[in-house]
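Below, chain A partners chain B and then partners chain C, in two separate complexes.
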Partner chain A sequence: MHFIRVFQAGTLNAFADFAATYTVRTWTFAWLGRIIAQVVFFTLIGTLLGSPEQQRFLLVGAAVMAIVGEVLFACASSTWERRAGTLPLLVASPGSLLAVFAGRSIQWVPSSLATSSVCLLCVGPLFGVTWSVPSALLLVVVLFVTAATTYCFALVPGAAVLNAMDLRNIVANVIGALITAFCGAVVPVSFWPSWIGWAVNALPVTHGLRAVRELASGGFDVLPHLGYAVLTAAIWLVVAGWLLRRLAERGRRDGTIEFGD
Partner chain B sequence: MIKQVAPAVEVTALRRVFAGGKGLRKRGPEHVALDGVDLVVDAGEVHGLLGPNGAGKTTLCKILSTVLLPSGGMAKVLGHDVVTHTAQVRTSMGIVFGGERGLYGRLTARQNLKFWGALHGLHGKQLRTRVDALLDRVGLRDRADDRVEAFSRGMKQRVHLARGMVGDPALLLLDEPTTGMDPVAAKDFRALVGELRAERRTVLITTHDMVEAEQVCDRVSLIDSGRILATESPNALSEWITRFERVDALVPPELVSRLRTLPGVGSVSTSDDGRTRFETTEEGVAAQLVRSLVEAGVTTVTTSKPSLEEVYLHVFGGNGMAVRR
Partner chain C sequence: MRTLLIGCWYQLLVLRRSPADLMALFVVPVNTTVFLAIMQHADRPDLAGHAVLAPGLMALWAISLVTCGELIDAERWGGTLEALVAVPARMLPLLTGRIVVVVTASLFAFVESYFVALVFFDVSISVPHLGVFVVSMLATGLAMACWAGVMASVFVLARSARIFQNALGFPFFVLGGVIVPVSYLPDWLRPLTNVVFLSWSSDLLRDALNPAPVQDFGFRLLVLLLLALAGGGLGAYLLSAVLRRVRSLGTLTYA
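Moving on, here comes the complex of A and B:
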């Protein structure tokens, strides 16, 4: 219960930061516009290849990758905490660091849910990705689970860069690029050696993307994929909690948790 | 009213050593920040930790607040060991440090307090009531819903203090809480510390301002180079402050040599711009010096309070002047 309340308190910061970054207008025209352009760009590669099937494949992949790109901002927003100088106070408080950090960057989940939904539901039909009403409704649920579980994963690099703040953007970009390449967004996972296919199963987004593709192809068998996404996310969440505790313990030993400066 | 077990802070032979050098390979010589500190702070006491820069004040506060491990010795907060019983220590203690950091600038004052209140396990009506009471208390009721980033230094410091109090702590650690405050804000702040004492909360406050220590503390421990030199009453401090006053003036050389021999005049130095500084070592001598200078026709005379370093040098630094009781 305490964990949930601390998490909720952490979201105060998430939404305050979000409100400071975007207005409704800049979010709609700058951010959403940019994501749509990106998704259309990938989709047009399929069009150039002259294959409607490729076109649909790339559109779905690019829309889901937009979620990945955005929730990986958690790397940057985690470090905002350190910049605020609140880390010693957090460590010295009775609350859980994981709960604070899980709340801290949550803004990227609803935002990426919105962008990916618009891309799939509004832009998709222009390129042959169509939805029945039930599949459209289910799609939003699937995208939410995908964003939330991928966010749990993103907390791990977010926690890791707290001790290497300069690396926050590089880490986010490298991870984003690897996921785009290997998790089935641009080519099927089966294109890669089997060990890669095995490894990417550890990532919630791989399963989320499978669920979206299932819906896009007219099926409804998404539950197993969502189950795997939630399961892997739970494991990443535990890892993030462990990293944060380790950060605190290491800081206590070597004196890197600075007071006030 | 806070009920406490005595003592609130108990520190024995506490040491902290930092690895030398910067960067990944910490190879340089080790640096001893705390070198066998013994300290007892009684429940309900406002205890000052007075020391110059680098004395080890913040290091001690960090250890007490569980964000730094000691290299040796023992420290207990309200009877709980700060190394092994962190959970108990963390729930019963509030921390406030000076400066701009440690607040969420994009949140309002109220949201900041709500956040930290939630971390301390408060929720619902209890949280709202506590936050409102604290905002009232630190005089921020009218600005409660403004973002903290727009606040002045003094106002931010009040948010800090309220944040430190949100868990209703029996012990408050204040690490140089008045840094950067203007004199008026600092005065208000001291009044708030007085209220904490009235509630029988224990306060450990660090400072390098002798006047501040003298005004707010029940007892003051003097710390330097990681060691406690003495624990004194505020009276002793105020006596030192007057005894070691300084007098600065543009004085002709022959007058300097005459005044130099007066009893109670300590070191005398003349700077490049011709100004002479007399340091006194007895109470009342500064006033006498000023009189003699004015009588001799010297017009621009200023007196000033001694720096902490000067007092330390006089009291602990030897050269025969130390008068220890």
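Moving on, here comes the complex of A and C:
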């Protein structure tokens, strides 16, 4: 119960931050426009290849990768909390650090859900990715699970960069690019050596993407994929909690809670 | 000239202490992997040149947008803009020197993508028209530096420059044809793509990798240089207008 109360307080912080960053107009024209351009950019590579099938494959992959790129902003927004100087108070309080940081960057989940939904449901049909009403409804649910579980993963690099805040954007961008390369967004996972296939199975987004591709191909068998996404996300959440506890313990020991960078 | 060189030297010192300013260089190897994987999976080795050039052009644009775009604003946040405006040295050459260093450093992205292709994909990119390639690359760097000056000035007036930095990447990668030539875009976009210098750069650089003779090289280079000139002129005008505005409004610093 206490965990949930602290988490809710963190979410209030997150949405206040979001409202301070974006207006409806800048989110729609600047951010959503940028994401649509990103998806079109990858989709056009399919056009260059002269393959409508590749075009559809790349569009779906790029739209799901928009979620990854956005929830990885958790790396930056976690450091904003530390930059605000609140970490000593958070460490001194009885509340869980994981609850604080899990709430603190939650704004990226609904935002990425909205951008990826628009890309798949509105831009998709322009390039031959079509949806029936039931599949469109289920798609939104699948995208939500994908965004939420990928967010659990993003909390891990978010916690890790609290010790090296200048690296926050580098870490987020490199991880985002690696996921785009290897988790089946641009080429099937089977294109890569088998050990890469094993490694990316540990990422929730790999399973979320499979679920979206299942829906895009007219199937509805998404539950196993979502199950794996939730399972892997739970593991990443535990890792994030451990990293944050370690940050606090180390900070107490060597006096780096206030100035850890 | 001395102010310009001081700007260069100062920016070199800044870059040494803040590698995050060249963040896009860290992503270049992975982007090269992404694009080459797509081409190899589709069995299109003829498009390897597109895959190798694109990450370089994207990094060049991204670094200019983020790092050069924030040059003036960073001085403002640091409280040093007042002093810079008050000293007798002119701001434009100082800023130009700093931008030249950032743009030159970001050209390293092309070297990175070349070696990633060679080492990890066993793809060797040959340059049949080396002269065209080198001249086009220099002209691209010049154009980027000129347009980076425009961004540096505009971002001073923006409520949140970060929003625009995030927004101006991929739309320009599409309109600039960094991987897919603009000839694949709808005709109604042609007036827009024609004024985006990246579209001329990327076409020229790709043609330099193609064994076929490069068509209309002189004319296309001239257009690229004219667009660079337009960016330089606009940047210089905006810089003086922005400085005049923040001086008269008393907003040289945020305090």
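Before moving on, here are some points about what is shown:
We adopt the following convention: the second predicted complex is superposed on the first by the 258 of 261 C-alpha atoms of A that agree within 3 Å, B and C clash if a C-alpha of one lies under 4 Å from a C-alpha of the other, contacts with A are read in each partner's own complex, and residues count from 1 in each chain.
The definition used in the following text is that a residue touches a chain if its C-beta (ideal position, glycine included) is under 8 Å from a C-beta of that chain, and two chains touch if they have at least 3 such contacts.
These numbers come from a predicted model, not from an experiment.
Following the overlay on chain A, a side-by-side fit with no clash is recorded for the pair chain B and chain C.
Applying the stated contact rule after C-alpha superposition, one finds that A:Gly95 touches chain B and leaves chain C untouched.
Contacts of A:Leu48 after superposition on the shared chain: chain C is touched, whereas chain B is not.
By the document's definition of touching, of the two partners only chain C reaches A:Leu178; chain B does not. With chain A used for the fit, chain A forms the apex of an angle whose arms reach the C-alpha centres of chain B and chain C; rounded to a multiple of 10, it measures 90°. Once the two complexes are laid over each other on the shared chain, residue contacts for A:Trp131 go to neither chain B nor chain C. Superposing the two structures on chain A brings chain B to within 12 Å of chain C, judged by their nearest Cα atoms. When the two complexes are superposed on chain A, none of the residues of chain A touches both chain B and chain C.
On chain A, the positions that touch chain B within their shared complex are 2, 5-6, 8-10, 12-13, 16-17, 19-20, 84-86, 88-95, 100, 251-255, 257, 259-261.
Across the complex, chain B meets chain A through its residues 16, 18-19, 58, 61-62, 65-69, 87, 90-91, 93, 95, 97-107, 111, 114-116, 118-121, 123, 163, 167, 175. Those residues of chain A lying in contact with chain C across their complex are 21-22, 26, 29-31, 33-35, 37-38, 40-41, 44-45, 47-49, 51, 54, 58, 166-167, 169-170, 173-174, 177-178, 180-181, 186-188, 191-192. The residues of chain C lying in touch with chain A in their complex are 18-20, 23-24, 26-27, 30-31, 33-35, 37-42, 44, 47, 50, 160, 162-164, 166-171, 173-174, 179-181, 184-185.
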